[in-house]
Amino acid sequence: MSQRSELTRALEAVLLVAEEPVEPHLLAQLLEVSPSRIDDECAALAVAYEDEERGFVLARVAGGYRLQTHPDLAPYVERFVLDGPPARLSGAALETLAVVAYRQPVSRPQVASVRGVNADAVMRTLAHRGYIEEVGRDPGPGQALLYGTTRLFLEKLGIDSLADLPPLSSFVPAPEMVEAIEKALGGGASSSVDDLGR
Amino acid sequence: MVCACREWPAGIVEAVPYEVRTEVIGYGVFEGPFDLLLHLIARQEVDLYEVSLCAIVDAFLAELDRMGPLDLETATEFLVIAATLVELKTRRLLPETPGDGLDDDELALFEQRDLLLAQLLECKTFSQAGAHLARMLDDGARSAPRTAGPEAWFLALAPDLLAGVTPDDLARALVRAASPKPLPKVSIVHMTPIRISVGDALEELLGSLPAAGATTFRAVTEGMETRIDVVVRFLAVLELYKQGLVELDQGSTFGELRITWTGGDDVAERSRLAGADSYGA
Amino acid sequence: MSQRSELTRALEAVLLVAEEPVEPHLLAQLLEVSPSRIDDECAALAVAYEDEERGFVLARVAGGYRLQTHPDLAPYVERFVLDGPPARLSGAALETLAVVAYRQPVSRPQVASVRGVNADAVMRTLAHRGYIEEVGRDPGPGQALLYGTTRLFLEKLGIDSLADLPPLSSFVPAPEMVEAIEKALGGGASSSVDDLGR
């Protein structure tokens, strides 16, 4: 291979020194081309890395581009990275994280009402981990603090934006489960099932 | 999905089939009333298609009883649900009132039931969404980003390398620096999806448990590095439990899972002989 | 190109996540081949990167291998450092700084033994930036230079004195870990960590 463009080479160099995903507009500014040109270059480079079976990939994550290791090689990388894999979240924390992710901006009482239990401790843990943060205050009475997910959350999931989360409707319990719950509570069909649409 | 068994090794809960779990996890590790209720309903569904409200209400109350002292707020949450359930149960036990009109009490009860149903479905939805997030986090963790930053000679250009660094960040960095490091050694076992079978794990347990008498799940999974090893070991423990060779219990809500050998010596001997060659027993 | 060996791919992945040069014997251990095989692989990879006119090179530095930007592209990297998100200390540098801060006065070999890697280059950077300085000599044999943090360090961190550094116990997940960490910090570590609480 030869005659690689200066643009491609500079892109590779900048991505190598970046510590977090670099937004296309910043890359465009640095390399003096349009953001759409950056997107095209990055897409081409990502395909080339895959074709060449590199040990790393160029990924679009949390609104920017970054170099990261190929998932196939996780066993080697895990051994090398001294921290080891991060502690996993408990079921309660995951559920809470899901509520914040899909309902944001959302207040603590709103989260608690979905789960039926006080969510304060779990939300502190999630904030401590950097997955959620305060994003504002409810304009209504009480002015409750509102929470949303962070950029780190997107980075950890390896997705570009919240739009990449599967729709919440795909997690609504299957009809048999709904029927079982209805039966359990004693009674026929109820209109409130439809209210879950969102 | 329903129980948050935080004291168990990472990831074990979602990896074990639900029906298997319900046998062991019956002792108050529920995160809230919706979790508990969903769990009880699911158990009914597993047992028989005909779901019995009465059985569920009784189980709910029994569970509440078994949980022991709760803080006021949590207790209230559980009691509100319990009250609704008891009302629904009473209603079911009473003979049908003649006439087609519903009185106000009945209407209110139906509203409560619908509300509870909606809450349960919502809780279930988010719990499934949470399980999916866990999978996405796992997938995401398989790729590590480049974070080395610019080479030292470029850093001379940066105005302040400690910008945004807090004393807490420093303390965390020290903990990272001084924490015992895992040995940097790649074993190829890691690359193969499942190498150790439940049979192997069973045999190993049969070799060590009778002599040990009582131990903990943490102890029998000590030194295991991959999730799948831990899961396989867990399934083996369940198998022993099903065969009545061990007793399982948890001292406290978030306590250790204790394993006690109850099979006697000859059973271990027979089972071991029946198996394949001994596996590090 | 196709059929790249797992060894080459894993090597690329590990070098991508490494923050400091990785010594051949460590790579050899990780990838389960001989150190000389690692040297051969790295040499071949370095040549390939040059031939392919990549934006980065594989360099042999300070007894180890690392990926770094191609010297041709320095102007772009400089612009990124100046115009991009503010550059911060690398994780490795921050860890080193933390060891010096909590354990001072401390010698280079002592820092290296806590972190398990040679700390000379990082300590030079930290001294150059004015965050640490020589504060004396070990009275024992060898008379190693001892380092401590500077006034600038306190200012940048926004604290009045070392006593304001948070106690470690609040950041350590389990009590057994406290013990292990104190052991790693070496001899008088537990007392010196406690001293910070005064």
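For clarity, chains are labelled A, B and C in written order, and residue numbers in each chain start from 1.
What we mean here is this: contacts are C-beta pairs under 8 Å (C-beta built on N, C-alpha and C of every residue); 3 or more make two chains touch, one makes a residue touch a chain.
The structure presented is a predicted model; accordingly, all values stated were derived computationally and were not measured.
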item: Innermost chain, taking as reference the mean of every protein Cα atom displayed; value: A
item: Chain located farthest away, centre of chain B as origin (C-alpha); value: C
item: Distance from chain C to chain B - Cα centre to Cα centre, in angstrom; value: 38
item: Length of the line joining the C-alpha centres of chain A and chain C, rounded to whole Å; value: 29
item: Interchain centroid distance [CA atoms averaged], chain A/chain B, Å; value: 24
item: Per-residue overlap in chain C, given as positions that touch at least 2 other chains; value: 13, 16-18, 30-31, 67-69, 77, 80-81, 87-88, 116
item: Sites on chain B at which at least two other chains make contact; value: 144-151, 154, 176, 179, 181, 184-186
item: Residue ranges of chain A in contact with chain B within the complex; value: 15-21, 56-57, 59, 61, 66-71, 74-77, 79-92, 94-99, 101-102, 114-118, 155-159, 166, 168, 171-173, 177-178, 180-187, 190-193, 195-196
item: Chain A contact footprint on chain B (complex, rising order); value: 1-6, 10-11, 13, 31-35, 38, 40-42, 44-45, 51, 53, 56, 73-74, 77, 81, 88-89, 91-92, 110, 113-134, 136-137, 139-151, 154, 176, 179, 181-182, 184-186, 190-191
item: Of all residues in chain B, those that touch chain C in their complex; value: 144-152, 154-181, 184-186, 188
item: Sites on chain C touched by chain A in the complex; value: 1-4, 8-14, 16-18, 30-31, 51-56, 67-70, 72-73, 76-77, 79-81, 83-85, 87-88, 116, 173
